[in-house]
Structure formats: structure tokens, C-alpha cells
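Below you'll find the structures, each written out as C-alpha cells.
Heads up, the next two complexes both have chain A, just with different partners, chain B and then chain C.
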Partner chain A sequence: MKNILKYVIVDIVQNKIVLVYTFLLLLISLSVFNLESNSAKGLLSLLNIILIIVPLICIIFSTIYIYNSSEFIELLVSQPIKRKAIWLSIFWGLAASLSLAFFIGAGIPILLYHADATGFMMIAMGLFLTIVFVSIAMLAAGLTRDKAKGIGLSILLWLFFSLIFDAIVLFLLFQFQDYPLERIMVFLSFLNPIDLSRIQILLQMDISALMGYTGAVFREFFGNSLGISLSFAGLIIWILIPLIFSLKKFKAKDL
Partner chain B sequence: MIIGKNITKKFGKFKALDNVSVKFDKGECIALLGPNGSGKTTLIKSILGMVVPDSGTIHFDEQDILHQWLYRNQIGYMPQIGRYPENMTIAQVMDMMKDIRTTGHVKFDEELVKSFGLDKILDKRMRTLSGGTTQKVSASLAFLFNPDVFILDEPTAGLDPLSSELLKQKIIKEKQKGKLVLITSHILSELDDLITEVFYMQEGQLLFHKKLTALKEETGESKLSKAIAKIMSGQPA
Partner chain C sequence: MKTACIILLIFTVKLAESKTILVGKSRTVKTIQKGIDLAKSGDTVLVDAGTYKERNILLQKSIVLKGVDFPVLDGENKYEIISVKTRNASIQGFRLQHSGRSEMRDIGAINIYDSYKVTAINNILDDTNFGVYIQNSKNCTIKNNFITAYGKNEVQSGNGINAWRCDSLLIIGNTIKGHRDGIYFEFVTESLVWGNISTKNIRYGIHFMFSHHDTYIGNVFEDNESGVAVMYTNHIQMYNNHFLNNWGAAAYGILLKDITDSDISGNHFTKNTVGIHMEGCSRINLHSNSFYDNGWAVKIQASCDNNDFRHNNFSNNTFDIGTNGSLVLNTFNGNYWDKYEGYDLNRDKTGDVAYHPVSMYSMIIDSNPAALMLFRSLIVSLLDKSEKVLPGVTPEELKDKIPLMKSLPL
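After this line comes the complex of A and B, so read on.
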């Protein structure tokens, strides 16, 4: 497993896209912090960029990478290696290199300009989102053999988690505004890893007061250490479930 | 050595393997023959675990291979169309395979690497190689680890006459060491001095599995190609 992981990481690093991604993040975070007079404001702007860009790049790059390494996978499957080791090596290779890219591109500027609990939470959530979306990409690429379908599916999934899901939640809120939905909202936020990260970072930023009564319920639920642990657990489940499903699929795949 | 029982594999509605049972023994060199799409490659891939059969079992050295992987240490596989990471050089692919497969004290068999002249173009990238050169890399990799079983899927397709002769000599040499060799090929004339048994498939089913000598006796032909032609045209032997 270590052997294969080494080759996967070397291959990804040689691929210029990850370097470009790192520089893009670095450029964005440095300019955001330098444009705003107050670094807390900079962090808020960075939050919105990270919640859009990180999942998008991670899911698309990973999906394309998995399809492009079909030769590599085919070569390895005929060798004395466990299929599980091959699949997990690709997962860890992608997760490790994209996490490193995020840490260099966004983590280091955040530590330089705003190294407090909010900054740390933002780095943690960025890393979580990176790994969650690599895992979702593994599932999308594992579901279909057709590269175009697979990439389309992962774009759809990204669109769902960043826009459509919120739209549905808003729709429900308006439809059932006569009912107390605050507790249900807490539950619903667990169904979307991006929302989960957004809530955690916003609560750290102390602007949850702007969110009205729902914000207060969120504060009550997510604000304490139990809530933080629960949302971390939620994100870990978001990593594990797609990965386990894709692994199951890959084990039975004909090559 | 390899025993398969009632292997069935469907791709959608198409039955690639239909209740095939096989028994391949050590020291034999077996030709898997049959028209295109008769299930030869699917059978090979099932033995390698690349394709998971819908039903039936395959045993390698008396061990069920389902979800196993260590038995592949004893197999050298040369695919019909070798696909390799395009950005790697020949040397990198070879080193990677050695790295992945090394279980300690393996002595590498680099005879083919030398006789094919691959050692002179080690820094060429896989993407730039011609079909024939890629085949040479596949063949060299199959023989590199001194396995007990060779599975060669159309080994000489795309090779120039000189190289395919070199490969043939190498196969004969390995066969004499008592190893099991499975070959698929459509060029029957070059199989004559290689093989000891014929395994003939059609439409996913096993038609017959016979010793070459028995086959020649039955048909009264001295050439494999003519013997097969006689059987296929339905003439009574």
C-alpha cells in the first residue's frame, strides 16, 4: 500500500494542476487579506470563496484523475495487490496532495493574518471539505465507466451541495414558515457537508446573531464542544460513507 | 494447478462465459483458441481476478481465488493491449513493478529486456512507444519475476518476426522448466512447436480440450492449423 501511495503522490505532484490550484488559493487569500483593512472581514470573504472553490476543484480534479489513471489501475489489478490497497492508495494520494495544496494556499495565509480559533476552525473545515469531496469523487467515478457521465455526475453533485440543497431548504422554510423548523434545520444541515462547515465557521465568527432565532438554535446546538464534536463526526461520516460504497463497487468491478 | 468449475460470466445480456470448466496442469503449454469474442480473454481475466464471474469457482493451487491476491505473485500476465501510465518512462514502469512485486529475494529475469533491446531506450516515455514496443514491454514484465504460470494474451500480435521468434524461444525455455503456459493466438502456425494441449472455445463455451498429439492423430494432420480447420469445417476425422 505504501509503495502504491508513493507512486500516486509523485504522479499527482507532477501534474501541474495541483500546483496551479495551490497558487490560485495563495493568490486569493493573500489579496483578500491585503484588500480588507480588518483581517476578520478578510476571513469572511475568504470563507465564501473557500466554500465554493475547494469542493469544486477537489471533486472535479479527483474524478478526472481517477478516470485518467484507469491504465494504472488496470495494470495494478493484474498484479499481486489487494484491490482495496489500490483504491485506498488513490484516495489517500488525492486527499493528501489536495489537503497539502489547501494548507499551503489558504492555511498559511490564514495563520499569518488571523491565527485565532476562527482561523483554525476555517483551516480544519477546509481540510475536511477537501477530503469529503475527494471521497464523493471516488464514488462518482466508481459508479460509471463513462468518463463524460462521471464528470457530469460530479459537477451535478457539487452543484447540489453548493446551491440546490440550500434552495430546497429555503423553499421548505418558506412553505412551512408557520411551523417551528429550527430543530429540523439542525438535522438538515447534517445532510450537507458544505452547510456543516459554513455553520461551524460562522458560529466561530460571532455573527450568528444576524441569523435570527434559527441562529440562536444553531448557537445552542453547535456552539458547545458537544456540537462541535458532533459536526466533526458528521463530516467524518461524510468521508467514510462515499468511500466505503465506492470501495465495495470497485471490488466487484470488471476491468 | 488451475481448476475452474462452471464459470459463467454475463456482460449485460451477452454471455461471455457459459458454464466453462477448466483444468490446467503444471508443465503444460496450453493454447486457448477460438474465434473473436469466444470468451478467451474473459476466461484469462477471470483467472487473474480482473473479472469477477457471476457464478462458478476458480481454484489456484487448491485455493479459491475469490478476493484473494497473493496467488498473483506466481503469475506473469501479458495483456492483449498493454495499457500503462503514459507519462512514465520504461525504466520507471519497470522499477515500479519491481517495487510493488518484490517479496524479498526474487531474482529478476531480464533476459527479454536485453534481447528486445529495451535497455537502450529505458528513458522513453510510454506515450511515445509504438504498439510493438509496448508489447515488448508487456512481455518483458510478464517474464521479469520468474513466475510459475505465464498467461500470454496474443503475445506475438504486433511484434516483428525477429522479436516474436525471440519470445517464442523464451516461452519454450520456460516451458522446459516445467512451468504452466497459457497462450491465446490466432496465428496457429507459430503455435505448432510451442504447445502441448489445445483448449478450443466457441460462443463462451468449451468445445474441446485435448492433447495436441491426440488432436493430430484424430484428424490425421501434422499441422495444428490444418487439424483445427478440419474440425471446424465439420469433416469427420
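After this line comes the complex of A and C, so read on.
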């Protein structure tokens, strides 16, 4: 497993797209921090990038990478190696190298310009999102053999988490306007890793005071260390569930 | 010439008459109350440094009570320290501490009742319930005092400077900290509040009701639990005040309720949850104010009418304007908005297309606060962008027809 992991990491790190991704993140982060009048505002602009671009790149790159290495996977399967080891080493290889790319591209500028609790939370959430979306990509790629379908599915999943889910939430909010929805909102936010990380970062920025009672409910739930650990646990579940499903699928797959 | 001579003569006679009574542990007069009792109108009672525990000191003569090197008047957490019921008296240079507290009466360090032209200057008030309490008085001056309390909750603490049914007060250059309300006015008219600093109070920096024709200049209201709230008053003038860091779920830079015919200009609203919250206000001129880094710069309820926002700077706020209805009876022309994305083809320094300062999401939040969950999400920014192009939910008439291209130097 170690050798496969090493091979996958070396392969991805040398990949031009990952290099461009790292460089792009670095460029955006540095320019955002230098252009904005204060670093707190830079952090807010960076928030949008982390919540939109990072999941998109991670899910699409991972899906394509898995399809492109299908021959390599077939070769490995013919060797006396457990399928679980192959699949997990590909997952960890992707997750590790993309996390490294994120850390160099966005993490280091954040540490340079805004190294406080908010900054750390942002880096943590960026890394979590990277791994979550690699895991979701593994599932998307495992579900179908057709490359076009797989990539289409992963784009759809990204669209769902970053846009459609929120639209549904907004719709529900207006349908059930007469009911107290604050606590349900807390629950709903666990159903979307992007929402969960956004709320966690925004609470660090003390935006919650803006929103009266709802803000107070969110603050009460997510603001203390229990809430933070719960949301971290939620994100870890978001990593594990798609991974386990895809692993099951891969184990039973006729290659 | 003759009259002038006579006046001069009377004056010199008066001067010759007035004497100074020295009070101190090493003097013949040991207590301040004794000194006051001995004094006649126009005299000065000079108090040496030291600690005086005299329960309640009653001042009913037109004299100057002056402390040397801040003698300490201790209320032992039981008594009202100085009570003033006179005209033309002055209290200067004392350190008043540990005033009493009562559920029945408003006990303070300096209490002025039914008086005229009483001044309190350069005193230090520490751990007092009410700091300076003025009731039914005219032309009093409260100047350069440091008033500090350590209140824990609203019910059990008093106000820094509390005035009830007064006229022509001058409240100048005081520093007030840790009370329920920094400055509290009820039925106080024609007064000037100038250059005070009111911070870290449990409720409001300044709070007034039914206090018409008052002027507020260059005060700083910072870090108060609920900011500033003013109500049921007309003809107020507020110039160059600073409303800073009033951040919290129920905090306002300033809350204006039923304020009419007033002028609010040159003020700075920085880092408040809501810069200005307006309810039932009419005919207020808001110009040359700067709104920076607030959650909402202005929240204006549909119950306000004929208010005019002009030449203000709106920058770095999460939401510029919030409102709760589609009826718009106020004008917002000629302001600078940092979120404005229009152009200026004829180079007259104002944008050629109108700016709509109310974002769709702020309307959503107002009617459905649980939508906080979607704050700064992609769908919200998409909705906001489309709403800017084709206003449907936001009030169409709430717009700046001539938005400025560059911020004003305020």
C-alpha cells in the first residue's frame, strides 16, 4: 500500500494541472490580501474562493484522474494486492497531494497575512473540503464506467452542494416561514459540507451578531468547543460515507 | 460711566466680603459640613486632601466648594454623598467614591435638586450608583468629570449623568464608564452635550426621551452593550459624534425612535451591528455622515417619512440599507456607495445609472431571519446580482439617482 501511495502522490504532484491549481490559488490569495484595504476583508473574499473553487477543482480533477488511471488500476488488481489497499491508496494519494496544493496555495498566504483563529479555521475548512470532495469524486467515479457520465455526475454533485442545496433550503424557508426554523437550520447545515464549513468560518468572524435570534442559536450551537468538534465530526462523516460506499462498489466491480 | 463705577464698587465690596474657609484634619474646621455651615453666600470652602466620611453633605448656599489634591468623600456604600439645593454653587476637584444604592430612591454622588447655575467641575467619581443626578434644575454645568461605575446588570446600576426636567444644561468633556446609561435625559431641553466620552456602559451610551432642542457635538459613544437610543424628541442636532463598536445582537450605533425635525451630520458610524436604526422618524436631515464597517449601515422602517440622506459615505458595510416594506417616503440622493458598479460617461462625478442600496438578501433576512444559514453563499450572491438588474422584491423607489463616483473626504 505504501508503495502505491507513494507512486500516486509523486504522479499527481508532478501533474501540470495540480501545479497550475497551486499557483492559481497562491496568486489569488496574495492578490486578494494585497488589494483589499484590510486583511479581514481579504479573508472574506478568499472565503468565496475556498467555498467555490476548491470543491470544483478537487471533485473534477479527482474524477478525471481516477478514469485516466483505470489501466493502472487494472494492472494493480491483477497483482496480489487487496482491492481495498489499491482504492484507499488512490484516495489518500489524491487527498494528500490536493491538500498540499491547497496548503501551499492558500494556507501559507493566510498564515502570513491573517494568522489568527479565523485564519486557522479557514485553513482547516479548506483542507476538510478538499478531502470531502475527493471522497465524493471517488464515489462518482465508482458509480459508472463511462468517463463522460462520471465527470457529468461529479459536476452535478458540485452544483448540488454549492447551489441547488441552498436553493432548496431557501425554498423550504419560505414554505415554512411561520414555524421556528432556527434549530432545523442547524441540522440542515450538517447535510451540506460547504454550508457547514461556511457557517463555521463566518462564526469565527463574529458575523452572527448581525442576525439576531438565529445568529444567537447558531452561535450557541457552533460557537463552543463542543459545536466545533461536532461540525468537525460531521465533516469527517462526510469524508467516510462516500469513501466507504465507493469502496464497496469497487470491491464488487467487474473490471 | 457712573453706573459702571457703581457696579465696580459693589463688586469690590462683594470681593472684600467673600472669604475663604479652610477645612482639613489639621485645621480648626474639621468637617466639610461644618465649613459649609460657617460659610456665607459668595464664600469659598477649601478642603485639604484626606478622606472624609460625612454621610450626606448638604449644600444650600451660593458658595464654591473646592478640593485641594482631590480630597476623598466616601459614601461608605450607604449615603448620597453631596446634595445640592441652591443657586450659584460650584463643586470642584473632589474624589467621590462608594455612593449608596437604594431600590426606592435614586442615590448618586452629586445630586442637584431644584437648583440654578450649579456647576460640577473636575471631579473624579468612582464606584457610584448614579454619578451626577440633576432634577428640576436650570443652567447647570457638568464639566470635565471622570465618572466610573462597575455595574453588573441593568436593574441594580444607575446612570452616569442623569437629568430629569431640566433646561439649558451644559454637559462638557466628561468621561463616563460602566453605568446603566452613560448619559440619561428625560424632559431636558435647550441643552448642550459636547465632547463627552461614554464607553462600556451596560445599556446605552446616551439615552434620552422628550428632550427637545438639544445639541450633541463631538461625543464618543463606544463599546456600549446596546449602543445609543433616543426617543420621542424633536429638534435635536447631532454633529461630529462617533458611534463605535456597538456590536451585538441588540446593539445599535444609534436607535432613533419617533425623532422629528432634526439634523444629524458629520457623524461617524463605525463597526456597529446597525449604524442607524430609524423607526417612526420624520424630517431628519442626515448628511455628511460616514458609515464604515457596519453590519447594516442604516435600517429604516417603512414608518419613516421625509428623511433625507445626502452626501454620506457608505463603505465596507455588509448591507447598506435595510428596510421592511415597499413604501418609500425618504430620499437617498448624492451619496457615495462603495458597492456601486455604475459608470460616469459625462464626467460630472455622479453615476449615470441609479443605485439600489437595498440588497435582496437583506429583505429576505428581515422577513425570514433563519435564512442566515445562507449568508455569503453562492445562491445569495446570484440572487442579489439578478435583483440589482431587475428589482422585483426590493423597493424600486428606494434608490440613489445621483450616486457619487468617489468617496467624500469626511
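Keep in mind that, in the parts below, the second predicted complex is superposed on the first by the 253 of 255 C-alpha atoms of A that agree within 3 Å, B and C clash if a C-alpha of one lies under 4 Å from a C-alpha of the other, contacts with A are read in each partner's own complex, and residues count from 1 in each chain.
Note that in this section contacts are C-beta pairs under 8 Å (C-beta built on N, C-alpha and C of every residue); 3 or more make two chains touch, one makes a residue touch a chain.
A quick note: this is a predicted structure, and the numbers were derived from the prediction, not measured.
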{"item": "Chain B versus chain C as contact partner of A:P80, first or second or both or neither", "value": "first"}
{"item": "Of chain B and chain C, the chain that contacts the larger number of chain A residues", "value": "C"}
{"item": "Partner chain in contact with A:L202 - chain B first, chain C second, else both or neither", "value": "second"}
{"item": "Chain B versus chain C as contact partner of A:Q177, first or second or both or neither", "value": "second"}
{"item": "Touched partner set for A:E71, first chain B, second chain C, both or neither", "value": "first"}
{"item": "Chain B contact footprint on chain A (complex, rising order)", "value": "3-4, 7, 11, 14, 69-72, 74-83, 251-255"}
{"item": "Chain B to chain A touching residues, read off their complex", "value": "11, 45, 48-52, 67, 69-73, 77, 79, 83-87, 96-97, 99-101"}
{"item": "Chain C-touching residues of chain A, taken from the complex the two chains share", "value": "37, 41, 44, 47-48, 51-52, 162-163, 166-167, 169-170, 173-174, 177, 181-182, 184-185, 188-189, 194-195, 198-199, 202, 206-216, 218"}
{"item": "Chain A-facing residues of chain C, complex", "value": "247-251, 273, 295-296, 316, 318, 364-365, 367-382"}
